[in-house]
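What follows are several structures.
Same chain, two partners: chain A is paired with chain B first, then with chain C.
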Partner chain A sequence: MAYLEINGLAKHYTGYALGPVNLQLDCGCAAALIGANGAGKSTLFRCLVGSVRRDGGTVSVAGQQTDEQHVLWRQQLGYIGDFTPFFNDWTGHKNLRIRSQFYPAWQSHKAESIAERLQLDLNKKVKTYSTGQRTKLSIVCALAHSPALLLFDEPSNGLDPVARQTLLELLFEEIEAGETALLYATHHVSEVEGLADRLIFLNNGTVTLDAIKDDLTEKWRHLSFRSEQAIGSIPYATPQKSELPYQQVISEDYEASAAFLQQQGIHDIEISRLSAEQIAVEILRNNANGANHVS
Partner chain B sequence: MFPELLKTEFLANRFLMLLGLLLNVFFILLMGVFDDRAVDVFIGATSIVFYIHVIVMVVSHSDQKITRLYAQLPVTTQQIFWASWLVILTWLAAQTLIWFAYGLWFDAEFEAAQISLLLQRALGVLVFLAVISIAFDLWGCRPRLWFWLYVAFLAGLISLPIIFDVNSDRSGQTLSDLLLATFSMSTGTGLAVLSVLFVGLLLADLAVFKRNDSYLY
Partner chain C sequence: MLLHISEQSSATLQEQILVQIRARILSNELATDFALPSIRGLAKDLKVSVITVQRAYDTLLNEGLIYARRGKGFYVAALPESDRSAVAVARFETNLQQLLDAARRDGLDETQLQQIFTRALGKED
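Now for the complex of A and B:
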């Protein structure tokens, strides 16, 4: 069963449009949503959660259509947005207690355990929390009821490196348990490189690439070679800064690019792997230049 | 999930409500200093305190982005709307009871029959709050033009009678006279008019709130 199914989701603002977005996440899937600033990641999340009204399209969470009158699907949702609101005059404990009323599957011991692992003092009032501590509390809120769908919008913002690592461990455990799908928006692919099995790129409100991470890391390579003459357009390849006779390109299908170079009489080609982060940077750079990608 | 939401909303506002009650006690003690202990004076003073409290409540809600919080919980926008209004209604009901108790104990000219006049005052407060609430909720709707049209309408409603009054040498025929007449109607009619007005405004506010484009505030 698809834990998240988006069909034609659209949102229009003056001078900006999101979508139509089509996306499906199955149980156990961890997808990274990658996009430049203003690409529409937060708007997409807000439309999914329902805190912003979408202009069109349908969304279902764990098999339930999301509409405004039947909102029990939100019990299947763990969400961290750019700002998670809390009652500032209450302690972390009290905020959790209040939230727990709305989620029948809430596990208090799990909430306590996550807070402990994140080294979050729940006895302090939320108004005394730093940004990172607020984020930690929102992580506890998002995970304590073991939801079917996790929507995390740049959750590591403000987190220290230890907390960031703990967050990733927690997410690993949730995904490993096999009852959750995760959509994790981030600018830093390296952060979720070991976690995400899918990379979804959003540019100007449109999904430009939705690919299996391993497929990308398998196909994308860095090619360097020596040629006295500048080689023109190499299929699937983007030239990198280099000086003749040494040339280098990044290819999104290195076999096709290498075959082309061999046809040009270039046989000494050095091929090296790229990290998912490097690939993402290249894709975002190409997106910014108006290029589309094969997937 | 509505009972849970209502409980949360009451818990979130309980200190403010308690402070309101304490201020009422303070005003009762203060009134003891004056010779004139008419219930109208007491109502005037406590109404202002009530309005200030509602403003503080709205500002605190907005500062903590409580609507955004509720919009992420498994509750409907309709339930969020009613929970907020039920807190205000309960609070005002308590305030009206205090007015009534004050009248009975301290105002020598107060009669039990005057309860409908107190209710009329309370409904007047509610109508005013509903009018303001619609403006707030229209701010969250698209296009924003609706908000400005509403503000212009309110401004017209307030200013036109003044203009008419200044330019008219006839009395008893202006809009302001009509509004004043509404409030000085026989108590039964005044109550009915204000009740219908309040219910109408409340339903309009609900319709506007449900059509908000965003609940991020």
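Now for the complex of A and C:
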């Protein structure tokens, strides 16, 4: 069952347009949303959670339409974005207690155990919290009711490395339980490499690529070979900085690129895998170059 | 369970996972009823997609090397000793055939092949 279904979502500002975005996340799916600054990731999240009104399209969460007449779907949502409202003069505990009133599925013991694992002191007033500690409290709020959909927009901003690792473990446990779908926007692909099955690339407001991670890691490879002459325009390949006679390229279809090189009489080709992070950088770079060509 | 994903291997991720788990089952390194890591757990450790591990496990299921307990996960199946060696022999023959084909393409003749094989087994006379 689709836990998130987006059809034709669009948002227009002057000089900027998001969409139409179509996306579907099934139960148990963890997807990373990747895009350059200004690609529209946060706008997409805001349109999804309703903090920004969308100009068109429909969104359903765990089978429920999300529009202004309906509010129950919010109980199926765990969101971390730019801002989670808290009462600054109240302690973390009291803030959680208030919030729990709105979520019938809220589990207090789960909330406390998450806070403990994140080493967050709930007895302190929220106004004394650092940015990272506020984020930790947001994480507790996003997970305590075990929602069907987790929308995390760069949740690790401001978190120390230990807390970041704990966050990933917490998310892993949610996904492993199999009743959740996760969309996780990040600039650090390596961070979610062990968590995300799918990589979704957003560029200039549109989804330019939506792929199973391993379909990318199987096809993209780094090729290095020796040739006295520079070999130009290898299909599917982008040349890397190299000095003759040693040449290196990154290919998005290494079999095709290697076959081409073999036709040129080059047989000793060293082929190695790329991490999802390296592939993402290449795709983003190609996106940026593509945009330059157009303008 | 420690598996190794090679940076250089031309084998797909799915094949690499499959071959390594299969070898460990057939060599008895993973005993009967040993609990395999959860699909998502292994995917996380190896940084591969869930679907890749799922496909590898599906193949092992079809081969009868593992079994599933609903809601619990996957376990190494009990194989009679004879089955174990029969599967191993079949697998070795397949692998050997590929090597032989490649060697013949490279121009090695039967005598050379036999010498290499005897030497590899450490029984050169």
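We take it that the second predicted complex is superposed on the first by the 290 of 295 C-alpha atoms of A that agree within 3 Å, B and C clash if a C-alpha of one lies under 4 Å from a C-alpha of the other, contacts with A are read in each partner's own complex, and residues count from 1 in each chain.
Criterion: contacts are C-beta pairs under 8 Å (C-beta built on N, C-alpha and C of every residue); 3 or more make two chains touch, one makes a residue touch a chain.
All of these numbers come straight from a predicted model, not from anything done at the bench.
Once the complexes are laid over each other on chain A, chain B and chain C both fit without any clash. Shared-chain residue A:Phe172: touches chain C; no touch with chain B. Contacts of A:Ile271 after superposition on the shared chain: chain C is touched, whereas chain B is not.
Of the two partner chains, chain B is the only one that A:Val49 touches; chain C does not reach it. Judged by the touch definition given at the top, the superposed model places A:Lys213 against chain C, while chain B stays out of reach. Of the two partner chains placed around the shared chain by superposition, neither chain B nor chain C is touched by A:Gly63. Shared-chain residue A:Gly194: touches chain C; no touch with chain B.
Following the chain A superposition, chain B and chain C show a smallest Cα-Cα distance of 30 angstrom.
The touching residues of chain A, counted against chain B in their complex, run 46, 49-53, 68-69, 71-75, 79, 81, 83, 85-88, 98-99, 101-103. Interface residues of chain A facing chain C in the complex, by the touch rule stated above, are 28, 172, 175-176, 193-195, 197-198, 212-215, 217-218, 270-273, 275-276. For chain C in complex with chain A, the residues that touch the partner chain are 5, 7-8, 10, 12-14, 38, 40-41, 43-45, 47-52.
Across the complex, chain B meets chain A through its residues 1, 4-5, 7-8, 11-12, 63-66, 68-69, 71-78, 210, 212-216.
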